[in-house]
């Protein structure tokens, strides 16, 4: 519908964020900058920008600064911001969107959480090849890559204990119809975009 | 009662105790779980950060399988004991219904594997939801043979079971009470745990351990401040973080917490008089035995004399609670 | 029957219409093609609504003996009255003039000139066929009963009552509570001048209680409203007080002697106690106490009677046998001033109200500050003895939040500033205000904000995430911690305080829907009563003779409530003095010889205008009660009910007209593309 | 479907004086564009809507009919929109029997404040009706299976009693 | 040809059941008066006149023609034109010729479906070759042209001009006699006739006026089909949930059906000023559907109303049982696949 009520909000970054956030209208334009999200965030102290701040930056078209921010990577998906947001903005989902955009643009490397995507990538490596996640492999690979010393500590203490208590496998489990899953994921990636 | 069942990766291994105890209590409660054939990982919080459509398609495959297999006939209810799995399944179903484009794209991907899913055909529910709402507190109390008298329990919900609120939740997203009531019906003393729905740190243990340790410390401190003998939970991630990382917290902050963390199903099993072996007890890092030893066969006499408050005390609020 | 002679007038509205519709072409077309339908003249003009435009029509009516007029211009909601009045001045019956909206429905919403022009023609054709079926009508006149009912004796209701009573007309002032004064009577100080609420309200309450023209009915509720503007019959249930008003002197000995103490959830907002025989406060109007039968030992267990025993009056004022009284009154106008309810802060669990002792609501704090309240005006924690050293005040509790109330409750910012000042004044404590936006519009309000800033109150711009007793850091132990983002520095902050005050929002009364139904008015989606026009008529409702004032129309402060009370009174006084009222003659009526007495329509009228005459076996419609919706007209299976101004003939004629031209009658293949 | 390409649907809208007619006013005042395929008739209340009007509209050449009234609970006349809703639902059931697709009859609750929504819904409806194709009721009745309806010899002779 | 000087009477049937002819005879001994006053010149049911006889009459020869039956096929229409030409007063006699009546219910389906039902599917049909009505047939003498079966059943006035309408299925004897009396008076004593186009032999008020059942404010929580309920003998049937078209139907019949516990079917047609009987009936009964107090929840409201509406299985067939051909829409629209949408 053609309407002259449209605002003159020009930055396309803003539209990209909305477009790439699935699950209905994320209501991003409704932000009143009240700070409920930043106040509620359990890891807010570690974020360089609170979610509220990020939204203002998105609105201002500061794409690079936003995608360089460590905030999305400190999001623990607790959804407190989302249930408390008085404007019902899909904050957690927007954080996921920003993570994906940061990876795509390669800007996450410049944030203080540069290793976070690596963990996610390792995780999905197992999912895409076995259909299940694999905690031992995940933890080991991730730590070997970023914290070799930690990896040894992990393996020597917690890892061993988990193994001893039968809470960790040595080899990953594979689902039966792996070809089907691979086809589905391949198609999903081919369709591309995020929604 | 028959339900479809989606255990999720954690219950296969790390949360094997949750799996064992869930299966153990299912029988006396008359619940039959039928596992989704050849289910795959839900993607946890990781896949959504890399590729949203692939993530939704990954979850979509599980929903499509559950819907195809008609696990419990027309009701097609799918129970997930892991909060992250529950949320991902529920959210995918919900968002597919809300967002036509997402629905079309997910189904296009599923079609590549010969599958299809119509949002709304599978009703995703958390294990706790069916236990308190379908079975009910009274029915549970009736099956209690060894009440957990004298055990002070802090019920811990974590995040994902009651949120986000845009998704219809079976309990209050801010201050849930279903696990409190359930624990109470087992005879235990329930701590009004202020941080009951706060975050356990999630995957931060892997990405930024210090951040995670602080979040875990807050929970442990609050439980200790409230003199809890143990924390009871319903999510493998919460259990792992609070339990396996407790020593790390102590080392990092110089604290000395020893609070065992069990699954609510384990406590239910104990109260039902089931053997500890069948409930996966002993798999926890912080040994629960000392706390469990506190359980007495009789309720301790209430020491709290009904102390009359001094006359100048102002009355507490009388506004009715939200129903 | 005279032949129809119709004039068609097409307005350019400057370029508003002429820019998109070829008005000359339309006018020419109407003059030629609609001749067969009775059009004798068709003109276009720059501004039809201007005096020159109106004169053009009036001249044609005279010179060309027009008896019907169609004006194709803007929406009838804008200028129907203008053109009808113009026609009337030219001695034509005003109801034979029709408007066709070719601005709002054509030129402003479409872009293709050709298609828009065709649509304008079709709509005018509809108007012409319709006007031919119009009938001359006369406005309906109803007499106005000079008495007025005012429901709710808060500050808005009292103000309205005094204005009317002082002008010499009778008022029934009905209050649900045992005494008048409303929420204002609970307050201590009022912003921004910090006048003592009691000092300015009490004289008005006394006036209302003593006024010879005011009949005060407390503990009373409206049961039923019958009739219509000018002639309402209202049934009121006056609750038993169990105290004889004609004997009681209000000495208060009974209250002193009553052994039963209960928490006063009403006047004291749950922060204090009262007896089972009580009055809200010593200066309450009326002065007579009332017995709370839910707690009185005599009513519960059949014995005690201490109040009766100690009552010093002769005869005894206590009457346990008193019954509710049902009173019927006749009034011409009604003002609703039923006020608001406080948002229930328990609905936001993360603020801890009801769980954390030292979290208070705004109303609790008002009572705490009130010298006649439970702490005699001292600011204490819940223990009743400790003064707080730090106090946090949370704005927007339950307001501006889609989960609760989406609107701004208007008064909370100023109220919170007042609280900050009072805390400072009475305890010297450190005060933190947590706000989203500081809204201090209106006279002297922002000056008050300046004053509180000067007093050293800390302002943190950020909506509070949670208030908790879960200490995390040293210094937090034993405190309430308020966690919020300080949005001005972009960081999360945790402020440990001793006391939290929740500035809870204002809500419509829980029974507002029910009350609205009783009075035949409507509530908006948020539950407040809907005014006739949000700007130009905020005190009338869409039901004639029913007015609204104060917070029942929407959140507002004391000055605004008083203004509305006075305005509603002025409107009522105008009505009373004009002695009668002219109503639009859009009415349904029964053609008796067609009515079979099937009674299908009998239950359809929400205004009770439809009655059944058993003797004649026909249905009647009361013309004064009928509001003209036409539901019965559409429902009558016999076609025995006709509706003026919207008759079947008129509507079907218009339908014929608008369908007479296809959408794309021209040759252009496609229309303007309208993206979905 | 025959003349689909040139087909411009005709939609008649019955509006309530207090809500949807004002919503149309508001759409105009806000200059929100919508297709010119709709022509409105004002009623005082959706409760005035006689099913006869709808049948007349279809018979008279409308391809779709829009009925709009106040949202439930917001009727200016308290509850008359509910009566319309009841008629609407029964009428829709009957129209299906008459071979008229249910999408040709649309019910829209629109408050006076919902100008943009009104325009949006009108746009949607016009597009829905466009995809359904022309209704052309006069043809529906005229069609007598290719056989001339009037016997030629007799038809020419005017009859007067 | 005006041999005996008596006015000429004709009665003819088209798509009808024959009940109308019976109803004329049902005026009992008055039939003798009819015979005394009129000279019967065409009445296939009781007298042996041939088409050629009628064709041989001069135009306007017949004073009164009572035409019953709807226009179903080309022969019906041909006869209507013929009789119009030969008659001074043409009366649409009975519901079929007035407004289509039961034959016009086939307007709710297609011609093809009607054939399928009548000539193929009907359990009592023996038609192994599946032969359907033809417009031509061969006989030893040559080819015969047969009537063409129309898609849409029409009322008499949809093919020729009609002077008067006498509604009813069939018309009630007292009403018939009353009308004949007026006509006789006009023809024999020059008394005035009612204005052309009038509906005669019926009242201008609905059946309810004549119905002795007790009536109250109406609210209906669900509808019953007659076999589902044993109605209270004194109470309005509609109030008991039995669909009674009396509220939307011309009286004059004496409310015979409702008096014996059967809801009025609506055979006297719509009331004056009402164009579409079905639409009015629909509007009236929908308006009084009672779903209890469900608040403003739109979905719930709609669901509750649908539940009540579900108890009216066939609204079109019920509300237009007699008036389909005369209704605004006249017939159902046949979708592309050639099948009617009606159930």
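Just so it is clear, A, B, C, D and E label the chains in written order, and each chain counts residues from 1 on its own.
Here, contacts are C-beta pairs under 8 Å (C-beta built on N, C-alpha and C of every residue); 3 or more make two chains touch, one makes a residue touch a chain.
Keep in mind that what you see is a predicted model, and the values were worked out from it rather than measured.
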Partition of the remaining chains by touching, absent chain D: one piece
By count of C-beta pairs in contact, the leading pair of chains: A-B
Chain whose mean Cα position lies farthest from chain C: E
Whole-Å separation of chain centres (CA-atom averages), chain D against chain E: 29
Mean-CA-position distance for chain B and chain A (Å): 23
Whole-Å gap between the CA centroids of chain B and chain C: 47
Junction residues of chain D, two or more chains touched: 31-34, 50, 52, 56, 71, 73, 83, 87, 119, 123
Residues of chain C touching at least two other chains: 350, 403, 604, 631, 634-635, 648, 674, 676
Junction residues of chain E - those touching two or more other chains: 280, 283, 285, 287
Contact footprint of chain D on chain E as seen in their complex: 60, 74, 77-78, 81-82, 84-85, 87-90, 108, 111, 148-152, 159-161, 163, 275-276, 278-280, 282-283, 285-287, 289, 295-298, 301-302, 305-306, 309, 312, 314-317, 319, 327-335, 340-343
Chain B contact footprint on chain A (complex, rising order): 20, 22-24, 42-43, 46, 72-74, 76-80, 82-84, 88, 90, 92, 96-97, 99-100, 103, 113, 115-117, 119-121, 123-124, 126-127, 131-135, 138-139, 142-143, 150, 158, 161-162, 165-169, 173, 175-177, 180-181, 183-189, 191-195
Of chain C, residues touching chain D in the complex: 75-77, 101, 103-106, 108-112, 115-116, 119, 122-123, 126, 513, 517, 520, 522-525, 530, 542, 586, 604, 606-607, 627-631, 633-635, 643, 645-646, 648, 651-652, 654-656, 658-659, 662-664, 669, 671-672, 674, 676
Chain B - residues contacting chain C, complex: 165, 172, 174-175, 192, 194-195, 218, 221-222, 225, 310, 312-322
Chain D - residues contacting chain C, complex: 6, 8-10, 12, 18, 21-22, 24-25, 27-29, 31-37, 39-45, 47-50, 52-53, 56-57, 60-62, 71, 73-80, 83-84, 87, 119, 123-124, 126-127
